[in-house]
Every structure is written in structure tokens, then in C-alpha cells.
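I have placed the structure first, in the form of C-alpha cells, so that the comments after it can refer back to it.
All chains are identified by letter, namely A, B and C, in their written order; residue positions are counted from 1 within each chain.
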């Protein structure tokens, strides 16, 4: 196993608000790490710092042992070109899909390949079809996103990210905006990815997914990692009062014995 | 009772047609330069670099708050003193109306760009696009559709404003009308015919713009003003 | 070529400009009052169900919105007197052109404002026994006008800029006077820059005020 993402002493504040207060996290190749925590705990911000949708205020992120940014005068400096190149290697899926409504499903999946990676149209097209087949939506290739269900949109968004051949995938509450009956198909796709050995960092409220799929679970509270470990251990034997309260809040979740 | 006599007007109608074609030429050229310039000003104004956005804001506000006729006089009479250029009425008209309409187009572009959901920028960013790629491939194609009605309205305003070039002796429809009125001693008929010509021209464009707006509304596309 | 800016001749001739400014303010006040008040009447007529009110109002709006103001001013100056025998001086021609144009534009603003009011308001007025006119005056218009205030302010700004068109028929206003100074002193650059600055200085705060007004109204609605 090799280290894919390494985060050390990460801080992020918005104005006076300190959201992340020193996070250390290493993600190994092929690992699925689930980030739990109540709203405001900083889990989404942490995820967004990994691909620099938000720039950390302090601390560092490395991909494959390569430090992102350059240090100058005690502060990290990031160039746009460096971050763009980084983001092609880190896929991200959002809560609200963020598909491009003026492009067909296939064009959505081709866009980054052609515009950013400069792949040829035919190569991008065949890659797009492969990924759409992978998420079970090859037959929707020529539809516009507006004609798809929420679950289908989210699977297209996953295919769009996969088509860039990323080293790691970030999932930011990807089932939170879905109708309950559509959650399953997205989780199934994610599980399949995990089984295929994709490295994944997942922010979710789906404790069942965390329990069955994650290799490791992290519980964030107030900008810090409060608990960390195997899902069976963290979810069944929480060590802190906070974690117990958090789990009590998810009464629908029944752990299998 | 006044006796209308259109004979004199229609025997020299080709004079008015030349004017009409010049009016359309000035409008088209001002659009050709004004629209891309407007996009540049809009992007500058939206920039997070403060000097850039402040400079754009100043240019936009200045050209929106000063009368177009003053701008035209300035470019025609004053600019050649400041920089060594040979100014013709035609060039002055193109320069004035390109910049003047670009200030208005900039605000339309800005409104359109800002109306696009932030998630679209994030979606583009997440697949590695830089600012220019995101704007070009993802944001503008969506924004432009919403801007079309405002765009057409502004273009019609521009068409009306081009009448001002007659004051610096460019042979647009208005100028040709003045010319013809003096030649024929028939101002009533000449100016009435010219008013009708302008009306028909602008009315057709207005109706077109209303039809387009309705089409967009039917397809569920929101528009910006 | 470097030009040495010299505003001395402008300052020496401030009285000439001052006369022009007074002319600008006069024509602005007359046209903005006539235009916005007349526009309200046309807007109400445009909204009316009676065809005898609705159709002429619509024709009026279309004609004056779809012709350039300069054409209107020139028409009133050169053609209208022949048609009617009424003598038209530059002031009257400009006032007619600008205020009729403003009436047409503001009529559409008022109409949009009236249409934006919830039909329930009309019904509520009817239910307490009000006539159409009473409901319109007491219930609909106060809210509608408040809503379209930013649009009306923008129209006012346009009217102020439009006043320069009166110079084309030699009405004495700011631009006309600047032209005079420029011709006499051979300093068009300072003269026209001064006029541009005057308009900018007057209108910039008004434009900023409109933005503030828009924000306040958006919050209150």
C-alpha cells in the first residue's frame, strides 16, 4: 500500500470563524475513508481542502508524497495552473450534482477530458461510454441532465469524475439531496467502486454505508478529529460522549449484530 | 388644410436608402466591437483584483452616466487634439457607440454571469478547468441564453442612438433627411417619411425581441435584465 | 503629441456654462414631470379593459417607443408647425419630443407595476365596496409605484441625459453652451470634458442611490 493523500496540521478559517483546527490524515491507496460529523463539524470543508476548492489557511496537503503549493515567507502559495492540474487527479462529486445543463450526459463526461486533458474527441467519447456503462447509464448518453432522475444525475456526475482517471475520489454528501428511494442506486455505485479498489474519501450521513464499505471511519467535531478507527469499532463502541450523541441522533440506523 | 406632397421625397428616395444603410452599418459595427468589449469590461469588473474591477466600474459608470451626444462630440472634436489621429465622423461614431454600448453590455454580461448557480463554477473547477475555461465552456453558454432579451433591447436602443451621428455630419438616415428636407423644401413629408422608416425598422426588431423572449420563457429559461 | 490641459478659459466663461446649466435643469424638470405624470395616465389607460382607452394608449406607446427621440424633436421642430400652423420654438420642440418619449417608456413601467400586484388586492378592494377607480387609487397604485421606483429613477436619469439633444435645435442648454465656448476659444477638449464631468458628477450619485433604493425595496418586499 502506498500513501495517496497526506494532510498535516490543516487549518481553515472563514474570517473569524475557525472551521478546521489542525487535521492530520493519511489516505492509503485503495482505502475508503468515511468522514462523519454533525453539520458545522468541518467535514465538508476538510474534503474541499483536499482538492483546494477551499484554500487551507495553514498546514499542507500532499498527493503521492508531492507537496502542493510552494512555501514563501511562512505561507503557502498556490498557482492556478498547479491547482487545476491537481484537480484532474482528484475527482469530486457534489451534493447538488453540478452537471452542466447545456450539455448531454455524454458531453458532460467528455468535457474535462477534451478541454482540460486535451484528449482526442474519439478517445474521450470511448472513455465516456466506458464510465457510463460502469455506472449503468450508457443508454442515457444522449439525454440532457434535466431529463434524468436525481439518482441518475448523481451517477453521471460520478462517471464525469471517473473519466478523468483520478487517483482518488471525493464524495461530498452525494445522497443528501436525493429522494430516499434514489439513495440506494448511488450507494450501490459507490460500493462497487470501492470494491474495485478506488481510493475514496466520503462525507456522508449514511451510517450503513460507513459500516459496510468503509475501511476507516473518522468522526469530526468542532474542526478536529475526535475518533478514528475501523467502522465496527467506532460505530459500535464509541469512546466519546459526542460520538454517542451523534449516533443516537441517527436512530434509523440499526447495526447488524 | 395642409397639402401633403410626397412626390419630392420619393423621387429622391435613394438618398434616404443610402442613409438607412449607413445607419445599419454604424449599428452593426458598434455591436461588433461593443459586445466583446462589454464582455471584457464585465470580466474585469467581476475580477477579485481590486484595481482591475475599480477601473472597469469607473469606465462603465462614466459611459452610462454621460450623454451619448457629449461623448460623440468629445471623440470627434477633442480626441484628435489629445492624440494625433485623423478623425472622421464615421470613426468617431464607431468609437463612441462601441464604447458607450459596451458599458451597457458589460452590465448585461455581469448580470448573466452572476445569475448562474455557483455550483456550475465548482463543477467546472472540480474537473480541473481554469477560470477562462470555466467561463468559456460552462458559464457563458448558459448565461448568454438568459441575456438574449436584454441584449436585443440594448441593440435597439443603440440603433436609436445612432441618429446622433447626423450632428457630426455622418450621412446616416437622419442626416440624409435633413439634407433632403433642405433640398426639397418639404420638411413635413421628409421627416414624416423618415419617422415612419425608423418606426418600421425598430418596430420589427422590437417584435422580434418580444417573440424571442416568449420562446425562452416557454422553454423555462429565466432571463436577466 | 502632448496636450497641456488648460481649464482657465472654461472657468473664465463659467457664466456661459451656468446659463446652459440652468437651461438643462429647466428642460429636465419640465420633461421629467410631464413624462412621468403623463406616463401614469397612459399606463392606466393601457391597463384598462375598455378598447377605447386601451388601443389608442397602445398605439401611442408603440409609436413613441419605437422612434428615436432625435427624430421626434426634429419632427416637432420642422414638420409639426407646417401641419398645424402652431409656431414651435426650440424649447417646445425638445419638450414635446422628450416628454412624449418618456411618457411612452414610463407608461410601460407603470403598467408592469400594476400587473405585478396580486389579483387578490383587486378582489379585496371590491369586497369592501370600492369602485375600480377607488381600488386603483387607494390600494393598487401606492404599492405598484413603490415597486417601480427604481425603474422610474432610471428613466429620470435617461431624461437628464436626453436633454442634451435639445442642443440640436439650438436650445440653450449645457452642451450647446459648451459648443459656444469651444468655438470661441478653440478649446473643444476642455469644453467637452467639462460637460462630461458635469453630467458624471450629477448623475453618478443618483445612479448609486438607485442601487441602494433597489436593495431597500427588495428587502422590504
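Methods note: contacts are C-beta pairs under 8 Å (C-beta built on N, C-alpha and C of every residue); 3 or more make two chains touch, one makes a residue touch a chain.
Keep in mind that this is a model prediction, so the values were computed, not measured.
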Topology of the chain contact graph, where touching chains are joined (line, ring, star, complete, other): line
A-B against B-C, pair bridged by the larger set of C-beta contacts: B-C
Chain ID, smallest distance between chain and overall C-alpha centroids: B
Between chain A and chain C, centroid-to-centroid distance (C-alpha), Å: 56
Averaged-CA centre spacing for the pair chain B and chain A, given as whole angstrom: 47
Rounded Å distance between chain B and chain C, as computed from the means of their C-alpha atoms: 20
Sequence positions of chain A contacting 2 or more other chains: none
Shared interface positions of chain C, touching two or more other chains: none
Per-residue multi-chain contacts in chain B, two or more chains: none
Touching residues on chain B, where the partner in the complex is chain A: 117, 119-120, 122-131, 133, 137-138, 141-142, 145
Of chain C, residues touching chain B in the complex: 1, 3, 62-63, 65-72, 74-75, 78-79, 82-83, 157, 161-165, 167-168, 175, 178-179, 182, 188-189, 191-193, 195-196, 199-200, 203-204, 207
Chain B residues touching chain C - in the complex, by the definition given at the top: 2, 61-62, 64-71, 73-74, 77-78, 81-84, 160-161, 163-164, 166-167, 174, 177-178, 181, 187-188, 190-192, 194-195, 198-199, 202-203, 206
Complex contacts: residues of chain A adjacent to chain B: 51, 53, 80-81, 84-88, 91-92, 94, 96-102, 111-112, 115-117, 157, 160-161, 164
